[in-house]
Structures are given as structure tokens and as C-alpha cells.
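Here come two complexes built around chain A, the first alongside chain B, the second alongside chain C.
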Partner chain A sequence: MNDAILEVRDLTVRFGTKRGVAHVVNGISYTINRGETLAIVGESGSGKSVGVLALMGLLPQPPALVTGSVRYHGRELLDLPPREWRSIRGKGMAMIFQDPMASLNPVRTIGYQLIEPMEHHLRLKGKAAQNRATDLLDLVGIPSPKERLKNYPHQMSGGMRQRVMIAMGLACDPDVLVADEATTALDVTTQAQIVELVGRLQEKIGMAVIWITHDLGVVAGIADRVHVMYGGRFMEQASVDNLFATPRHPYTRALLGSIPKPGKERPAKLMTIAGMPPDPVLMPAGCPFAPRCAHADGARCDDTIPQMESLGGTHGAACHYPLEAKS
Partner chain B sequence: MNEKPTSRTRETLQILLANRLAVVGLCVLALLVVVGVIGEAVAPYGINDIDIANRLTGPSGAHWFGTDELGRDVFTRVLVAARVSLQVGFIAVGFALAVGVPVGLVAGYYRGTIDAVLMRIMDVLFSFPAILLAIAILAVLGPGIGNAMIAIGLVYTPIFARITRGSVLVVSEEVYIRAARSLGARDGRIILRHILPNVLAPIIVQTTLSLAFAILSEAALSFLGLGVQPPNPAWGRMLAEGRNFFQQAPWMGIFPGVAILVTVVAFNFVGDGLRDALDPKQKSVIESRGQSV
Partner chain C sequence: MRAFLIKRIFQMLLALIGVSIVVFALMHLVPGDPVRVALGTRFDQDLYDSLRADLGLDRPLAQQYVSWLGGALTGDLGVSFRNGQPVTQLILERLPATITLAMAALFIALLVALPAGIISAVRSGTGLDYAVSAASQIGISLPDFWAGVMYILLFSLTLGWFPSSGYTQIGDGIGEWIRHIILPAMTVGLISGSIITRFVRSAVLEALNQHYVITARAKGLSEWQVVRRHVLPNAWIPIVTVVGLQLGFLLGGVVVVEVIFAWPGLGRLALTAVKDRDFTVLQGSVLYIAFMFLVINLLVDVIYARLDPRVRVS
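What follows is the complex of A and B.
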């Protein structure tokens, strides 16, 4: 079962801007296996969304410049002609977006939008497509799915629309589903339902999920492995248990420290990380986190970019001075 | 296909018919179309029946709108001229739509060089005052009703290109367009199935308003002698002829003028009504009234 579906090597995305070249994603690498959930966590502007858009081939080039390698079942995607890439998008790899209010076409019925990718990729038509669309809506937990096919997006709530988006993503049995902040725009109870739904579907269908989020709570609920992203690089990668139990990168620890923990005694002041994320046009020469890091040495950290080093097993951190595992 | 175009059209109609002014406009337009089709057959006189003895007589039972300087029945001529006005309006605007909308779709979707080239051409057309450009085109092509249609069509093309492009720029940034692309849709499909329906509303509204302006332009060109050629009647021409006799026979100018006014206002009413009816956010109002979920 442990075959790699997607291998990303040294993926880099740069944008030409008026102020200079923006280094948004600076060489990220990861592998995702069948049935696995990989979470990519990072704050706004860390390059996590751009990274997956590049992966899906959805960044217009130019202005974007994407380099590196993305292998899907061993096939290099970045060199693929647009036509062939299109046949993978939606079929092999599907994506759900942040704002369910905006990601459905307001002038088309739910049914039309669900069936469109099926017609395109699976050559399903008429009754067969209708039935599959009904089944999909049922699968994502929408009551009276048959009637709902005739609805327009504005007749549905945010949570329902996100379910419809998931159904659309699943329409052609993808083996990779990319969820880009898929729960961010939803309220907390709906969030939990969507997280639970994706987890359940994943078990049932066996697809891999790349979950992009800034919400560590969601990560804990859904992910197998976590990559922490900052300034367009991975700072730390670990299994979800290891990451929460023994964060080794100062950034991860600071991030975790800034979350209030229920049950424990409330600290006088919630920890914050001073400063701002780096400007992608003026990336520091060394570790991107160095200017904000309490452990930076002021020399090596500012000059040399730390590489991802293994700290035992799958746990790795890109830091010159990884923190000791707390006992 | 599971698309239900009928239901969407029905909803739009429902809202449109709830708007009184739009209904008035529609009725007037329907009447105009009927007149345009059967006008010549039901008119009391022939368009060129000259009756010098009764020239310049005021409105009466025999001549409802009076007679002109050659004793021709003004009512007949106003009735028959409806056809040519509507024809010019529809064909010219059809031409403008057929050229302008594709230009706007392509320019707005692909942007970059294509956009720059196409829109600069449109800007050149747009930079001339409408009637001057039409006159210039007619000077090249020669006067006549067919050429007037082309000229008016060309004059209105850049408006459609701009309106379409502007809406496409907005809509193509929407997440649902990216979502469609993430599901593997082709450019052509995205443009025609996802973007076009979303930009249709302003285009339709502009169409009805442009129809009104096209009819006005035709009247202006005919007034200047560049459109419909004598002895065929056209509202603009009749206005021009009536100008010379305005002191003695004001009805010669007033009735064709009123015809232009009524037509233009009717198109505007319908345009306004359509704009409200085509706003997808308005739709939920009727739906929540009609069915409870």
C-alpha cells in the first residue's frame, strides 16, 4: 500500500514583480503515498497555497516561474503539455478551495457543475451521470440529493457548498485531493464535520489528501504527517504525533506556543512571535526565520540556509540549532 | 445534459413581468414588431400615394396624422417606417454583438498582447464620436440602408467589446473559474460555459439600450440623408422633411418624432427591467416566495 503517488522535488515558484523577483516557494520536497494525509501548515504568505497551485498547474506562467519536479505516478508533470496536464487535473488530482461561497458558479445548477467533469473525464452522460451525481451528493452527506441537483449555489449554506465542492472533487475518483484551506471559511462545527467527512471518504476511497491550513487544530484532527512551512521553505516535517509532542524547530515550537491549551492553566500572556514573515522580494540570505528567532546566533543563521536534516525516523528540521526534545 | 434552461428563463421572465414599466415597454415593442410586419398591409394609403389637393392638411378622420407637402398620408408613412427602424436596430446591434462579444471574451480571458491589440483597435473605433464615425463609414461605403446597418454596427462594436471584457476580467478571477480549471476544463469550455453565462446580464442590458441608440442613429443618418433613401419613408427622413414645414404643418415632424421617442423609451424600459431580472441575487427572492425548503 505504500506506493508514492506524488513526488515533489525542489519545487520553486518565483514571480516577477515591479519591485523585483518574489521568491514565494523556495525548493520544497515531499512525497505522498496512497491513502495518506499530509498537512502543510504555515501562516499567511508562507507560500503554501502557491505551492499547491503550482502542483496543479494552475499558476499562469508568466508571471509565475515554476521549477523543480513534480512526479505523479512517476510521470513528470511540469514538462507536460497543457492538454495532457488537463486530463490529469480533475481526474487524478482534484482540488477544493478556501471559500465555498465563491467556488461554485452562481449561474449553473449544482447538478450541471457536478456532471461537467464526469462528462469530460469519464465520458459519462445522461442518466448514468445523473445517478453518479446523486450518489456523490449522498456520499458527502447532502439530504435529498436528487432534488438538490437542481439547486443553484445561492440556495445552499456554506457547509453544504463545501460538501458539493468535495463531491465535485471526488467526481472522477482522484487519487490525490488537495484541500486548500478548505475549512477556513466555515464555522467551527461545520469545520469539524468537513474534516470528519474527508477523513471518512479517504478511508473509503483510499485517496491521498494534501491539506493546506494555518489551523493546527485541524491538522491534529486529520493529518498523518505534517510539514511546517515558513518563508517558502519547509521548517520541520514530522508525524503529527511527533510534531505536537516534540517540536524541534524554534518556529514550530513558537507556533504551538501561541495556541491556548484548554484544560491547562492559562498563562498570563499568550505567546506571540514578534515581527512579520519575510518579504518574498527581500528574502534573508540565511534562515528565513532567523530575524524572528529567539535562538538565532546572529552569524550562521543569517548567512547560511539550513537544510532539512533528519532527527531520527521521519522527523526532520531545517535548523542549525534544532531544539532538544522536551521531556 | 441536465441543464434546465427553461427554468432559468422562466424565473427571469417572472421577475421581468412583475415590473410594470418593463411590461409596458414589452407591449409597445410587441406592437411595433406587429406593425413592422403587417404595417404596409394595414396602412390606409400607399406610402407614395400623392394627393396634391390635400397637401399639408392637419390630422383628420381621413388622415389621422395629417398629410405632408406632397399630400402623402403621414400615418401610413410612420407605420411603414417602423419596419426599417426595427430592422436597422436589430441587424446593426446583432452585428455589434457578433463582433464585440467574442473580441471582449478573448481579450479579457487571455489578456496580454492579444488583449492590447484587440482593445486598441476598439479604442480607435471608440475614440470617434458615434455619428461622425458612422458618417465617415457611410462616406466610404456610400449611402443606403444596408451600409447604414454596417456603419451603426461598427460604431457599437467597441461598447460590447469593452463591456464584455470588463466583466470577463472580473469573472475570470473568480474562484469558481479556477475550480473549473482545477477539474480539467478546457479554455473554450471555460469561456463559453462558465464565463459567458456570468457576463451575459450586462451584455443583454446593453443590447436593449443599444437597440434604442441604434434606432436613434438610423434616424439621425436618415435625417442627414445617408440612411434610407427617398421616396421610402423613415422616421429620421420624415423629421428632416417636416422641419421645412414646421410652421405650417407641425404634424409632419411631430408624429415621426413621437414614434422615435416611444420606441427608444420602450427599449429602455425593457432594458431596465431585464437588468433587475437578470441579477442572480434577485432570483432568490422569488424562489423563497415560491418554494420553502
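What follows is the complex of A and C.
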């Protein structure tokens, strides 16, 4: 067995809706190794959050239908009985969420919520649990952690609450932490602190992180590898350096082009991508980006779904006409 | 908390004075003269005048009000125009029957509403949910006078399980007490329960859709643990409100049910007082009902502060 902690193969999520079947995640595959950070980048509605909720087993089925394979240390999760899956969730695999305001229970103390997973998975109680909770709050940089245990969420700032969420995620020493838009609701300086904190913790604990975001700036700061997601598929995958230096998929390039660059002359107009992301109920038969793509040929792109092809090394793109690697 | 309580009790007293003014004014504005009603066919002008003077009804309204309020503050609500008994005593006599019926009805209501509401929210959209919704709709729609009579027909006349009417005190044997209270409590409790069920369902559903529920699931808790530890503590807040309101209604006496089951509660006392134009008894009863509502409101507010840390701070 190599260092792969999590292997996702051909993960597909569909929802039955009144309008028809929504194809939200359409066969994504990735592997994450020990200590590694994988970023999944995409616009809202690209299926990135649903994809990780599926892999955590947090999508109610029905209405969702999840197929494919998720192997955690070689063990298939999608076939696990709910009870066994619960014994992994929150222990080996933990998750933190976008909105720290809403993700903590307003009527329970920080201590209660922090100790809960320890009680549940590690049978840690009383003084021992209290001590561990204090240590965790200290670890995520919360001052006077012991007193904070008695606080309620509304008595803390957004950044503090996200730190509490992270502490909660770390409560049982997970080897995978899934961060779903964990910095989106925070202001920029707090974002940077949280990104830096997770990076530091990761080095210390050696866990793998799956970082879901729409913010390429965050990606550059934290990730080893990046997968760009659009229309429920991966469009491009590369190491973070390669992706920023030589984006090969037209979508990735358009996405990078929509970020203003500091230092340079202020462009007359920020680049935008014309059109809207595809409707998951009415997915195009071909490449999901084809309707908005400047390079689409109007034939093959509209009819055939491009598969992920290697462009050398770990760099891959799902495009019939990958762009040349220009500077 | 203490400052909060003192403030709330002060507000409550103000509200009570407001209620007393309105009640007093209304009594004297509605047509119908209690002394005339009391005398009936034996009407005699001299007797009428002297009776009015005895009862203080010949004095100016404001003066009557002040003296009545003064009495009320010391627990003296005057005497009944009808039979001369002290109103306070009349109300106190009826209180045990009313309170036991209210508590028994609330017990049945919660016994039905909590599990039904929680289950239908957790299993929302399933057949079970629809069945609960339909049952509670029926429960709300059936009038108490009809349901009460049906229970009597079924459980006492046909099956002979319970007596059709009457009240025994709890001291006279718990078995008899339960046998007598079950039908009236069921009549009122199932209606209350149907109303509360809907509120429980929507409160639990609302809490289930919050993000912290996903957080709790992500910790690996089972669905029941999520409901018990995270959903219910939040859902209690709206549930307590509606339960408090229902309890207020029940403690004010349930007129129709008391009449059907010959239950000697406050509802019947007030009903008779209306028929007899027995102002003092009616005033006393309304004041008591208002008082009960205010006390329960206060209790609900105190419970809020216990349940919701955000209330405690403000």
C-alpha cells in the first residue's frame, strides 16, 4: 500500500428534481496522499461542495444518488452500512464548513461542541476531554482557551469561530480534513490567518487536506495540487505551480484571467467569462464549457465529452484542444 | 437575571391594571342590570334602590373602580351579586378542578404532540409525516362539543370504561380521580395536542435545516443523537411559546368541555356569571384569567433565558 489515504474513482452525484435529473457531479477521480493538500477550485454551482459532501456521506439519499467509489485506506466507503461510516466520519475524516456563524450550534457551549466528537469516537470524558479541548483551542491560536470553553458561539468573532471549527475537526486526529469554502465568509486578513493556520497544523499533524474554494488566491497559498472543476467535472489538474504558470484548459485560463493582478497597469476592463455555468438538469452533451468557450469548434466540443488526458507528468486537461503552454 | 425579573413583574402589574380597567368598563357598558335580574318578578323599586346602595352600584363608576381595585389588591374581589358569597372564595373553590384538568390535558397534549411532531419532522415527506399531518388536521378541526359527546358515547355509554361526567378530588382516591378526568382531559388535550404537534413539527424542521446540523452529522453522530443534542435544544424555543399559550387557555377554564362533563371549573363559573349579570364574579374571573396568562408569559420568558444563551445576554 502506498501513501494514498483517499482514492475517489468516478464519483457521480445526481439529484431527482421536479424538472428532471440534475447531474451535479459527473465522474470525478482523484487520490490524496498523506500530508498533501489538494485544492478543488470552481465557481459556485460547479459541484465541488456536493462532491465532498458525497465523499463524507453527508448527502441524504434520496434525493441524492451517489455512485462510483471512495476508498479510505483501501476500504470502500460508499457500500458501508451507515453505522460503520459514522465511525469514520469525524474521526479519520473531518470536515469544516463555509459559514462559521451558522456551523456552530448557538445554544451549546464551545466546550460542549468541541468535546462531543472526542466523547463519541475516543470515549474521552471529564477532565481528560476538557484538557484536550483546551489544548486544541490553544493549538488553533485562541487566547485564554480554558475560559473560552464556557463561551457560546455568539460571544466570538467569525475568525475565532472558524478556529473553533478547525479545532473541532482536529479533535480526533483525522488523517483527512475537508475544508469546504472555509475562508469564504471571513474577511481577507482573517482568511490569510486561517490558511496559514491550516498549513501549519498540517505540517505538525501530517494530515491531508482537501481544500474546496472558488478563490484562486487561497489556492496559491495553500495547495500542492489543484483540480479545476466545472459542470461537475474536472477540467484541469496540475501542481499549483504548473497551473498558475501554464494553464492548458481554456476555462482555467479564463478563470485566471478574471483575477486582477497587482503591480501591473490597471486593465481597462477585468476579463469576465461570458454566459452562465451549465444547468445541471440540462447538461450539454459534449464539453460542459463548450457553450462559453472561445476555442470551441462547434462540432466535436458540443458532441463528445473530452476525457482527462495527461499533458506530461501530473498535468492533465479535459479538453479536445488544450492550449499551448505559453508564458 | 434579577433585574430582568423585577422589570418583567413590574410590566406584568401594569398590564394587570390595564386589564382591570377594561374589564370594569366593559361590565358597566354592556346592557343588563344585575339587581334587576336578581330580583326577577319580585321587582320593587324600594328594594331595588336599597340593594343597589348595598352593592355600591349607586356610586360614581370611578369610585366603584377604585374601591374594587383596592379590594382586589388585598385579595378581596367583592361578593357575588347573585348569592352573596365572596368572589375570591368562589374562584378558589373552582381552582383545583381547573388546574387539574389543565395539567391533565396538557400532559396528554404533550404526550401526543412531542413524539408526533418530532417524528414527522425527522421523517418529513414520508407517509408517516403525511399521516401525522392528516391526524393533527382532524384533531384541530373536530369541535370539542362534538368530540366530547362522541367520547362519552364510546367510552362511557358503550364500553363503560369511564364515567360520563363529574369530578372527584385527588384526595378521594387516585383511581377514581383518573377515571373521571380522562375523558374531559382527552377532549381538550387532543385538540391542544394537534395544535402543538404542528408547531413542534415546524420548529424541528426549521432547526434540522440549519448548518450546525450538518456539522453535527460530520462529527459522526447518529441521526437520533443529532436530533437530541442539537436540533431539539434549538427547537424548544418556539415550542415553549405555543405550549405556554395553550396552558394559558387551559387554565382560564374550558367552558364547553366543563359544561359537557359537569366539571366544576372556572369556565362554568364565568358562564353562569355572564348569564346572571353577576359583575363581580365575572370581573374576578377575567382578572384571574389575565393574571394566569401573565404569570405563564413570565414563566415562558424565564425559560427562554434558560434555553437560549443569546437572550440571557441582552
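In this text, the second predicted complex is superposed on the first by the 325 of 327 C-alpha atoms of A that agree within 3 Å, B and C clash if a C-alpha of one lies under 4 Å from a C-alpha of the other, contacts with A are read in each partner's own complex, and residues count from 1 in each chain.
Keep this in mind: a contact is a pair of C-beta atoms (placed from the backbone, for glycine too) under 8 Å apart; a residue touches a chain by one contact, two chains touch by 3 or more.
Computed from a predicted structure; not experimentally measured.
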Clash or fit, chain B versus chain C on superposed chain A: clash
Touched partner set for A:130, first chain B, second chain C, both or neither: first
Partner chain in contact with A:115 - chain B first, chain C second, else both or neither: first
First (chain B), second (chain C), both or neither touched by A:107: both
Partner chain in contact with A:90 - chain B first, chain C second, else both or neither: both
Touched partner set for A:282, first chain B, second chain C, both or neither: neither
First (chain B), second (chain C), both or neither touched by A:259: neither
Per-residue contact with chain A, leading partner among chain C and chain B: B
Where chain C runs into chain B (options 22-30, 40-48, 58-66 or 256-264): 256-264
Touching both chain B and chain C, residues of chain A: 56, 58, 86-91, 94-95, 97, 99, 102-108, 116-117, 120-121, 152, 154-155, 165, 168
For the chain C and chain A complex, residues of the former touching the latter: 210-212, 214-222, 225, 229-230, 233-234, 307-310, 313
In the complex with chain B, residue positions of chain A that touch it: 56, 58, 86-91, 94-95, 97-99, 102-109, 111-112, 115-117, 120-121, 129-130, 133, 149-150, 152, 154-155, 165, 168-169, 171-172
Contact set on chain A toward chain C in their complex: 56, 58, 83, 86-91, 94-95, 97, 99, 102-108, 113, 116-117, 120-121, 152, 154-155, 165, 168
Complex contact set, residues of chain B against chain A: 1-4, 7-8, 174-186, 189, 193-194, 197-198, 200, 280-281, 283-284, 287, 293
